[in-house]
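In structure tokens below, several structures.
Paired with chain B in one complex and with chain C in the other, chain A is shared by the two complexes that follow.
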Partner chain A sequence: MAKRYDIVIVGAGPAGLAAAEAALAQGARVAWLDAQSAAGGQVWRKDIRYGWPRQAARVITEVVNHPHATWMPQTQVIAAEQNALLLQNEREGWRITYGSLILATGARELLLPFPGWTLPGITGAGGLQALVKQGWPLDGRRVVIAGSGPLLLAAAVTAKRHGAHVLGIYEQASDAAVHGFARKLWRWPGKALQAAVLRSQLAGIPYHCGSIVTRALGEHALERIEIDGPHGTQRIECDQLAIGYGLVPNVELAQMLGCAMKQEGAHPCVDVDTSQRTSVTNIYAAGELCGIGGRDCAWLEGRIAGLVAAGADIDASLLRQQRHARTFAAALREHFKLDPYIHDLAQPDTLICRCEDVPLQALKDYDDARSAKLATRCGMGACQGRICGTALAELGLFPRSGQRPPLFPARLASLGELASSSETEGSFS
Partner chain B sequence: MKSYDLIIVGAGIIGTACADYASQQGLRVAIVEPGPIGGGATAAAMGHLVAMDDDPAELALANYSLGLWEDFTQVAQIEYNRCGTLWVASSDAEYAHIPEKIARLAAVGVQAELIDGEQLYRLEPALQRGLAGGMHVAREAVVYPPGMARHLLDRARARGALLYSQRVTAITQQGVQLDDQTSLAGSVLVATGCALPELLPQLPMRARKGHLVITDRYPGLIHHQLLELGYADSAHGDADSSVAFNVQPRPTGQILIGSSREYGSETSQVSMPMIQRMLERTFRYLPALRQLDALRIWTGFRPVSADGLPYLGRVPEHTNVWVAAGHEGLGITTSLGSARLVIDQWLGRAAAIDARPYDPARAVACV
Partner chain C sequence: MTQVRINIDGHALDVPAGISVAAAIAQSQRPFRRSVSGHMRAPFCGMGICFECRVQIDGIAQQRSCMVSVRDGMQVVTDG
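Coming up: the complex of A and B.
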């Protein structure tokens, strides 16, 4: 028989962490897992030089060491069955079952195609941050940060802290939009403080609004970029471009489990009630996969989900705080809305599907993702459309086509041996 | 009302093959398909072009079709790859039956050779040790079925065939009615695979689900379409569910892993227990596959007629309604011959092979 836990939490970012802390405090036996080797998720990713942010370090250590917690790092959910998850780590595959399941799978960056975007030296903004925190050297390299949203500031701080020469931050939203947003920040004092701290750490790095990277150039790797801004086009020589257009909820596992979705812009997110319940009994969702809401929102929702899943009551003030945090997300979306010009940057020969080398022009004769996939292989590769399918949805070409197992590339041995050899005895809960 | 010589319902590999040949013969053709071209069973198939010797009629149709496939070896989007088929014997008993199989294949002109254990490992070093040997059919190939369906449709359209992206809701006295209420007049050829009973309930059709797994790219690991000789027992048996070792090298370097057969499962949901059974079977023959990464698992439904042979011909008690459906697990292979058989009969010509075993009347009679 597969091992059973009262509560299984997928994802160890703020939402998963808060859920684990809350459920453990109620006496539940909790298993939580994450594909990364350390807990913290995207915002609290462990930095090999500087460790975890102080506020996160305490909770993470507490939860990881809790006697009722089973922490499974570097573990992916590769498929789901009735009340069971198929897991895989570096060595083996196995199955676990649960009383309740809390999904806290977060979000990924929205990467959009433009000429040259596949050159070596170009990453997402969050992508660069992750690489650097894992020890990728940036010392003395000329870095441009571009795209949209507050993530750009955080990426710039990390890059600077690791010795990069950050040439500038190029935000696509207009000056008016960004200032309008800043004027509203007082309503979320925590955010205002965070912004002020980031701003001070960024002293000396110019921040340009209304600026869009239209092209990246270089022979074998990135050498320079072209930027359209309020003062016309400029060229910038650089070694590294970190460009991200915001975040997209990671809903694939929730979809596979049959949870109802709702649409947020061009992308689906999980539909939950005020207790973070999904449409499927005993499955909860918290944080970015319920719609991009940011760190505070994720924490609050994780806490709600953890309490409810463990059978505890939630007090009204927690719900109030969560609603307030969600309004921040709405303001963020409104002010950092993407300029439609960005949707038109890709040229006929710009690659859309990087796994299978499919350029935009190959897709023009099709009006749904499935026909395009069958004819061009777009979305058939290792990422199964996570990047290109999401980009095509954002560009308004067609919505992403359906997900199938495995959720991530999975060893055949993990998929094939679950029923027999890898099963573990156990009767917990 | 728009009028055609022939209205083909369904643009899977069978409907598109019919459209191609009919338009080549000068017929004015309409083809009706609400979904992606080749998006049904055709998009789920392995695309192995193979002659199976178990049933004489099936072998005749396959052999006829394999000859016709030779005209399509150079079209890029079909990805024709003559990798050959290697049937693997897991026991001396299986090995002992190979000469009979070779004789049956030779009788219709398919060249196959007996392979001993040593030759087997020279051809496929990754196979598990201890296998008795096998049978090598060198001229067989694998293709990309939805690419073929699109190619056939494009050729038909270039000759004037018209595609209607609607669903046929009813067969009428004059022709068909579409779901946008328009009607088309003409002879009707139903090629809707598993959906056949919706339009022709008098022809029994069951859906037999199959699972496939595709891996990441591992070029050079295997070289031939590999099947266990026991495959035919799985394919032709009537068990509720069965699995067989059936693995294919794709031109991309990916490995496509089959095959399962299952009645009674109606949703396209992937069944992990079925995947486990299928992979266990696979690892027995190819243990090296354990460490490879799978990218996607999908399912498809094979259209199975009352007796396992396709219905090809006029529908009894209709003067103007024809059928081409029920090819089970061989419809990619037998598509081109099936199209000729039906269209030649429509034209009043003698078919190139005996058409009687496929006559739909046999099934109508027995319900």
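Coming up: the complex of A and C.
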């Protein structure tokens, strides 16, 4: 029979961690899962050389070892039904049921097409950071960091720390926009401190604003890039380009569960009330999937969701802090808005769908994702449109549509498990 | 740091325990995979979303190498 938990939390980043800590302190039995092999999410991803940041290490150890917590690493949700989830790890699939579900699935990077973007040697900016923390060799490699947002600084710090020769950071936002943002930072002292620390760690690495990577070139792997900036076009020889244009909420699971969405720019995020409740009874959402808000916001919202799901009261100061953290996100969005020029970088022969190798020109004759998909296979590959669908939405071509199970390619044996045990046990008591 | 021995496309390789299979392949300087029209590809998102890092691990095809840590005795096969 499926094992039952008071609260199940999907995602072990700051939001999921805070939710678990809060719910456990209230005496709830909590199951806690993440697709990654270690807890920490994106910002607290465990570094093979340097471990977790100290504060994260303390909470993670506490939660993982708590007697009422069941930690399920390398586990993914592949399908869901009322009060039940079908899970899968490398070896098996199984089913669990819950009283309340807290979604803390975070965000991924916004990765946009430009000529040459499929060459080996090109990764996301946070993507490179993630790879490097797990042992990707960068010693002595010439690395360019580009795209937009504060994540570029964090990626540069990690690359430098692991021995990369970081040639420069190229931010698309204008000098005026970035300085305007810096002038507002005093309103969020935690962020101002983070920025100051990053700046000191980045001493000697040039930071260029108003600069856009327009093309990448190389025979079998990246050899050089072209950058358009305030002083014209520049060519740079490099081994690695880490390029990301900000973050996009991971809403696929919430969509599959039927949670109502709202739009943030071109991308959906989960609509929640002030207690982090989604539109579906007993399902909560916290952190980046409710709109990009950063680490502190994710932590506060996770805490709120954990407390409410466990039936505890939340005090007004927690809610006040959360609202303040959200205003930071609004400032970020305003100042790091994408230059429309970036939407036009892809040429007719630039591949949009990397899984099925579909170029932009093949998509021009369709006006909705479904017909384009059926005719060209765009979005039918292994990533299930997570890269191309998100990029197309950002470019204003087709909006993203809802997800049907499975969320990720599932093994047939796991789906059999779902079919054979579809009864749901009694509700949360 | 403790080392584990894995095998990539028939070549034995000693790597630090705990690194990702993607990192091990990069250290070995082996290619990752070919796209449906034959172009070389390598890890792109670094976090399990894009599936560009797929390889065969211990006989199971299409595993995302950025999401799996190395284990002693692991057999990895790339498209290279």
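FYI, the second predicted complex is superposed on the first by the 416 of 429 C-alpha atoms of A that agree within 3 Å, B and C clash if a C-alpha of one lies under 4 Å from a C-alpha of the other, contacts with A are read in each partner's own complex, and residues count from 1 in each chain.
Rule of thumb we're sticking to: a contact is a pair of C-beta atoms (placed from the backbone, for glycine too) under 8 Å apart; a residue touches a chain by one contact, two chains touch by 3 or more.
All values reported here derive from a predicted model rather than from experimental measurement.
Trainee: After superposition on the shared chain, which partner residues are touched by A:370: those of chain B (first), chain C (second), both, or neither?
Mentor: The answer is first: A:370 touches chain B but not chain C.
Trainee: Report for A:381: first if it touches chain B alone, second if chain C alone, otherwise both or neither.
Mentor: both
Trainee: Is A:81 touching the first partner chain B, the second partner chain C, both, or neither of them?
Mentor: Once the two structures are laid over each other on A, A:81 reaches chain B alone.
Trainee: Which partner chains sit in contact with A:220 here, chain B, chain C, both or neither? Use first/second/both/neither.
Mentor: second
Trainee: Look at the residues of chain A and decide whether chain B or chain C touches more of them.
Mentor: Greater contact footprint in residues on chain A: C.
Trainee: Under the stated touch criterion, which partner chain does A:136 make contact with: chain B (first), chain C (second), both, or neither?
Mentor: Touch partner of A:136: chain C, not chain B.
Trainee: Of the two partner chains, chain B (first) and chain C (second), which one does A:330 touch, if any: first, second, both, or neither?
Mentor: After superposing on A, A:330 lies clear of both chain B and chain C.
Trainee: On chain A, what residues does chain B touch that chain C touches as well?
Mentor: 381-382, 409
Trainee: For the complex, which residues does chain B have touching chain A?
Mentor: Contact set of chain B toward chain A: 36-39, 43, 77, 146-147, 150, 213, 215-216, 257, 270, 272-273, 275-276, 278-280, 282-283, 289-298.
Trainee: For chain A, which residues count as touching chain C in their complex?
Mentor: That would be residues 35-37, 42, 48, 74, 90, 108-109, 111, 118, 120-124, 126-131, 134-137, 220-221, 354-357, 381-383, 386-387, 409 of chain A.
Trainee: Quick one: which bits of chain C touch chain A in the complex? Just the residue numbers, please.
Mentor: Those in contact with chain A are residues 15-16, 18-20, 22-24, 26-27, 31-32, 35-37, 39-52, 54, 62, 66-69.
Trainee: Which of the residues in chain A come into contact with chain B in the complex?
Mentor: Where chain A meets chain B, its residues are 79, 81, 86, 368, 370-371, 374-375, 380-382, 384, 404-406, 409-413, 415-420.
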